[in-house]
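Labels run A, B, C and D following the written order; every chain starts at residue 1.
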Amino acid sequence: MTTPEDNSIFATLESEVRSYSRSWPTVFSSASGSWMRAEDGRDYLDFFAGAGALNYGHNNPVLKQALVDYIVGDGITHSLDMSTVAKRQFLETFQRHILEPRGLDYKVQFPGPTGANTVEAALKLARKVTGRESIINFTNAFHGMTLGALSVTGNSMKRAGAGVPLVHATPMPFDNYFDGATEDFHWFERVLDDSGSGLNRPAAVIVETVQGEGGVNVARPEWLRALAELCRSRDILLIVDDVQMGCGRTGPFFSFEIAGITPDIVTLSKSIGGYGLPMALTLMRPELDVWAPGEHNGTFRGNNPAFVTATAAIEQYWTDDTLERSTAAKGKRIAQIFANLSDQFDGVSTRGRGMVQGLVFDDPGRAVKVCGLAFDEGLLAETSGPSDEVVKLLPPLTMTDAELDHGLSILAEATAKVCA
Amino acid sequence: MTTPEDNSIFATLESEVRSYSRSWPTVFSSASGSWMRAEDGRDYLDFFAGAGALNYGHNNPVLKQALVDYIVGDGITHSLDMSTVAKRQFLETFQRHILEPRGLDYKVQFPGPTGANTVEAALKLARKVTGRESIINFTNAFHGMTLGALSVTGNSMKRAGAGVPLVHATPMPFDNYFDGATEDFHWFERVLDDSGSGLNRPAAVIVETVQGEGGVNVARPEWLRALAELCRSRDILLIVDDVQMGCGRTGPFFSFEIAGITPDIVTLSKSIGGYGLPMALTLMRPELDVWAPGEHNGTFRGNNPAFVTATAAIEQYWTDDTLERSTAAKGKRIAQIFANLSDQFDGVSTRGRGMVQGLVFDDPGRAVKVCGLAFDEGLLAETSGPSDEVVKLLPPLTMTDAELDHGLSILAEATAKVCA
Amino acid sequence: MTTPEDNSIFATLESEVRSYSRSWPTVFSSASGSWMRAEDGRDYLDFFAGAGALNYGHNNPVLKQALVDYIVGDGITHSLDMSTVAKRQFLETFQRHILEPRGLDYKVQFPGPTGANTVEAALKLARKVTGRESIINFTNAFHGMTLGALSVTGNSMKRAGAGVPLVHATPMPFDNYFDGATEDFHWFERVLDDSGSGLNRPAAVIVETVQGEGGVNVARPEWLRALAELCRSRDILLIVDDVQMGCGRTGPFFSFEIAGITPDIVTLSKSIGGYGLPMALTLMRPELDVWAPGEHNGTFRGNNPAFVTATAAIEQYWTDDTLERSTAAKGKRIAQIFANLSDQFDGVSTRGRGMVQGLVFDDPGRAVKVCGLAFDEGLLAETSGPSDEVVKLLPPLTMTDAELDHGLSILAEATAKVCA
Amino acid sequence: MTTPEDNSIFATLESEVRSYSRSWPTVFSSASGSWMRAEDGRDYLDFFAGAGALNYGHNNPVLKQALVDYIVGDGITHSLDMSTVAKRQFLETFQRHILEPRGLDYKVQFPGPTGANTVEAALKLARKVTGRESIINFTNAFHGMTLGALSVTGNSMKRAGAGVPLVHATPMPFDNYFDGATEDFHWFERVLDDSGSGLNRPAAVIVETVQGEGGVNVARPEWLRALAELCRSRDILLIVDDVQMGCGRTGPFFSFEIAGITPDIVTLSKSIGGYGLPMALTLMRPELDVWAPGEHNGTFRGNNPAFVTATAAIEQYWTDDTLERSTAAKGKRIAQIFANLSDQFDGVSTRGRGMVQGLVFDDPGRAVKVCGLAFDEGLLAETSGPSDEVVKLLPPLTMTDAELDHGLSILAEATAKVCA
């Protein structure tokens, strides 16, 4: 994919594993709000937002001020799991504005600062609590690249990278996997209850409420409720991986609020730090907190600059429902435009929730072309789905309506060109 | 371990998994150079340095300036694996000052920003390249908490946390495991060459040159050379995990330089970012770079603030050999004091290299007591080893001689009290 | 289950694992045709036939004569995989009367002499040929107790006996698992073709055409054909485990003949030896015969007395279609009686093919009671299915109509008593 | 290895996996005592004895009479795990003449009738009892070809046949693995007791007292005692796999008697049936008999003809110490001749115990040549060891001195020719 004349140090020194730098062949220098600027002076409207890690936009000024003040004041930068003032402020803010108003009494674990790490912590804990090894995951799930997280991930190319057989996980059909043709949980429930089915009894189910990487597949609230009830009645733990869909992406802070369920374990990362700094949380019902001290550790659990921006983000955006309502409204705006495109062009459909929206092309090559044309017009949007057949939108939640309309018009034009 | 009156939010809201906050029951607020300050105004001299993540001290002013300038200037914060100006500057600096002068032609991968993640990437790559699953690790190794990294880690408490049997790894004796009684590699070489031994043929060997968490176990250069030769002659990849011992901890930038070997794959994290910000690298011989684009990914691969401080750290400390010589000198200073303690007290011995040094107590309880007394006197030092029998010193490499002497005198007094 | 007064050496010396001796608490001494005699002189009509290992009845006189002559004549008894006259005679007979008339060009492997061993050999070969690890099995499958065979077996109690997590196998729904509510292979086909499904690509599918132990679940010919086509089109090997259903149990020699398919690998055991002596075969398409000499071995591969009786059985029963037609006729006779019972009593249904027939009770306890009453009346019949809800009939294929009617009348009376 | 003109049905129809038929290219027809006869009329003296399955010779007349009488009298042939008269007679005889005189109170399980099956049963039981997965095996161990048994087997060619990574087993050095250079159990004991060693805590150790397939490696009684003590003190179960070395092969009935130890679990097969008929036993200390009824089953557990010959063999050979003394004497005779050869020729050494004796060639090709020449002279002997470097003698224990001398003289001549 690298053109022959690419003699940049990225092409010569960086590993072949690099990926986004191939789709977006430019060198970015600065960013602000919904825009990224390349060193050639071009500006790009960002409908990607760090794959969901920048829900509050690039270098959000409120968070930036808190961050700079903290660094300038020699606040603790790195602290493993020592107690720090910055961590206390985060914990207090998270409890007051996130957990308490939602009636959640989770304990909070700071695992390593990535999504994969909180998933690994969640899986380990579920296995330790139940004494069972097997995990149920869903078709087209994405949970991370470390060995445990990869074993519950669907993508076959990424799975093959493991180099060892991935075991202890069994995929089940995600909501609407059969286009409504088969009753929900028919297969899952049947094999769970049949002592001759050969299914190893699971410790936990791990689920995303909307599968972003998997193609913007949206689980209905009733499906999530039925899943929660299935887990509850069979004594299986329910893990909601809210790494990408949490922190307001779908509207409410937690994406599962829409279903009125309370998972046993919740994973958060990406936008929890607010500013794009590495941070992750594992939330668990208090009675599941059976960790021995130090049983799961990691050097960067105490990334205090991220605690500072995380606290500022909660205080700025989650003390009332302004952001949640705005996200719902903007989500509808995107969905409306996408619906128009879907009406207009054959082989185009749309799905999504809140500000994660997908434009789905029956011909996978078209989604890739649309994103390529959009890049040429100054818009960053990526594809997802097993065949890259979905143009996936994850704009900053703080994007203005004007920016949104600008970006959507670029996409509409690109779609028109590609589908003409 | 939590005292009954601990009603802090750390005790009530944070998971039981927290560990350092129990050993050091105070709340830290700010830090500078070799010192951490608690909110009660007490200062602590830091012989721990973020478990090796703060080789250049807390909030190092040179790095801090670069960091603040970058943030204030709205430099890109989060970029996954897109090309950015900050990444290019890091790559160029790393190539010019680290790789080229050492004659190393490694390709550079940016995995997720933690040590566990670069280890997972290294293991996956080794398995992909060789088509084999089995890895050789060493007794008392520590490589991380995710499932793949945990499988090559020795500590039985941490292994038990996996909740699944840890397989595909076979431990071999680290250097001096039998106190010199058995010839090096006698067992390893024999089972490798015996087609009836039952050892699955390994993809790779993963080794630390000094096992920090494992108890400051130091591999001799000749042992490392013999290991490298063993791997070479049997077509097994050699991975040096330099997450803790790299970035000058033992003197030279890479800890394996002392042995004159060139590993096939090298992992770096902890101090590579310079400022304690999450960052990691996986280095590989060019012909091993068989990754498909995106085959191993992760949200926080592009933590640009860390690239900025990493670049500044290399420019500040690795353009000449000042730091390396200073580390050697300070290491000798510590070793001398420790040797005195060892001479003075029964059941005390010492080992280390550069600025990782261990004071080993035959009675494990004594190491814990020494660290407790030290904390009371304003010194942070932690224990390591399978029974916490080693007081492990990892001071900032930038610590002054006066600070070093101050801390060592506290340790000497504590040792005297405990061994009296 | 052992009554307190059982001071027999079976109760005191034999392991608790014994099972049939508990259901049928008597001591058998001799047997002939369809009858077993206990040492107290009672005769039992055998509707069980060694779980399908005695298709030609007990101590069949034709086979017995051949066996005695061979032993008296000092024919080779034990020969591992050396060439022997008895093995040659078997191979020639098997080729002439079984393979050639059916247009099959299988190579023949003699694995260890049990069903589990031929299944293990089949799985190993499929993995070696394809280079993949994963196997697809079916709900309620039964393939044996060794670790590989157990991993593809459904019964949860037996799986738990493994003591290690059973991996590398994924269960799929057997025919009619959803009572016709879901289209065949909907789930299996979908996850195979979805590169994001998370299903490890399988080396092989292993299937029984009728699941005896699983509850007399009968796969329709069209389902088997669709399965064969699915495997063929996705380059997955199809293994038919004909250990229990082969050798004429369902009518034709191979149970898959009814579907007109040619599996890639076929396992045979149980009745292949004819006389109840341990023997097993693994059949494979010639191009799959990639074994290295001695790669799979075993001490009792060359059980020559079984070769002798196997040869005699083929010559006696498989040179024309008399037995096949008789089996079909008797199967109908049983099915008719069972259908009457099903009409007569609520909660009773029936299913089967040829001379494997099941009487299914909605209330599982009733099947156990029926078999208990039958034993009291001198009839041996066992239950199967995940909840022991099926009275499973496997009479000798050589049973006379009068014997069959006698046994069926005992079962009818028992059913009437239990369902009254 | 098949010569081009081999158009026999063995070459055309039987799988490439066949092995002995290649080393000994003739077709055997009958056998008696220590002799096998080929259909071309040639007689072969048998120093192989069915790989140890024919300790009492071929078609031993005493056993043969009992077998024929049983068959002619319509004794039960096949009975799964029902109680039968033949099984009771075996149990009583085994208890009276084998267990009681040795003070052993084992419970007796009848697993499937092969060595692999009793090993699988033993491993499953050890894992169930302890709740651990990991097993310790030894370099050059051989325990069978099914997946569980193969995982504890050393031979790399056979391991590769598994097609899945073999896990849950860790090899340790067998006695004298380092030619006496390293203290016994130095490595094993150290890693067991080091909580940082990375060794998964084992459920059991499985060991052969003499490794037949592995190259006639003999464990000293003191090594076995130390191993038993190591297991006892660390709460690890000790399994002695006596499939090949039991039933008098080394002198006493159980091969471990020489060390005065009592294993927790013992596996028997091969010669336990006496006549070469498939049969196996798993013996366990009574408190370990935690099997649920039917938890481990198998179709051919009740091979009654083998029970009959097993009973006759015990009555004939194990009611006094005649056979044991004779075996010791003959073993010395072989060892003496072998010692002479070793003295006479460079690069030849010898080892063994009782009537398992090995002639070891530094140049592996020579052992193969010696066996080839021996075959030409009418003697059957096979090689063993990881490089086939050992001529392994397993003559029937009932061989006469004259026969023994005849065979040994053939071997001596062949050795002389090869080493000249």
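Keep in mind that, in the parts below, a residue touches a chain if its C-beta (ideal position, glycine included) is under 8 Å from a C-beta of that chain, and two chains touch if they have at least 3 such contacts.
Composition by chain, UniProt nomenclature: A, B, C, D = Diaminobutyrate--2-oxoglutarate transaminase.
Not measured: the values here are computed from a predicted model.
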Same-interface partner of A-C, chosen from the options C-D, A-B or B-D, over half of the pairs matching: B-D
Chain C-chain D separation of Cα centroids, rounded to whole Å: 30
Separation of chain A from chain D, taking each centre as the mean of its C-alpha atoms, in whole Å: 58
Centroid distance [mean C-alpha coordinates] between chain D and chain B, Å: 49
Shared-contact residues (touching 2 or more other chains) in chain B: 133, 157, 164-165, 168
Overall pattern in which the protein chains touch one another (line/ring/star/complete/other): complete
Footprint of chain B on chain C - complex, ascending: 164-165
Sites on chain A touched by chain C in the complex: 133-134, 137-141, 152-157, 159, 165-171, 173, 177-178, 181-183, 186-187, 190-191, 194-201, 214-215, 385-387
Partner chain D, residues of chain C touching it in the complex: 1, 8-10, 13-22, 24-32, 36, 39, 50-54, 58-59, 64, 67-68, 71-85, 87-88, 91-92, 95, 107-117, 120-121, 123-124, 126-128, 133, 144-149, 151, 157-158, 160-165, 168, 203, 243, 269-270, 275-278, 282, 284, 289-300, 303, 305
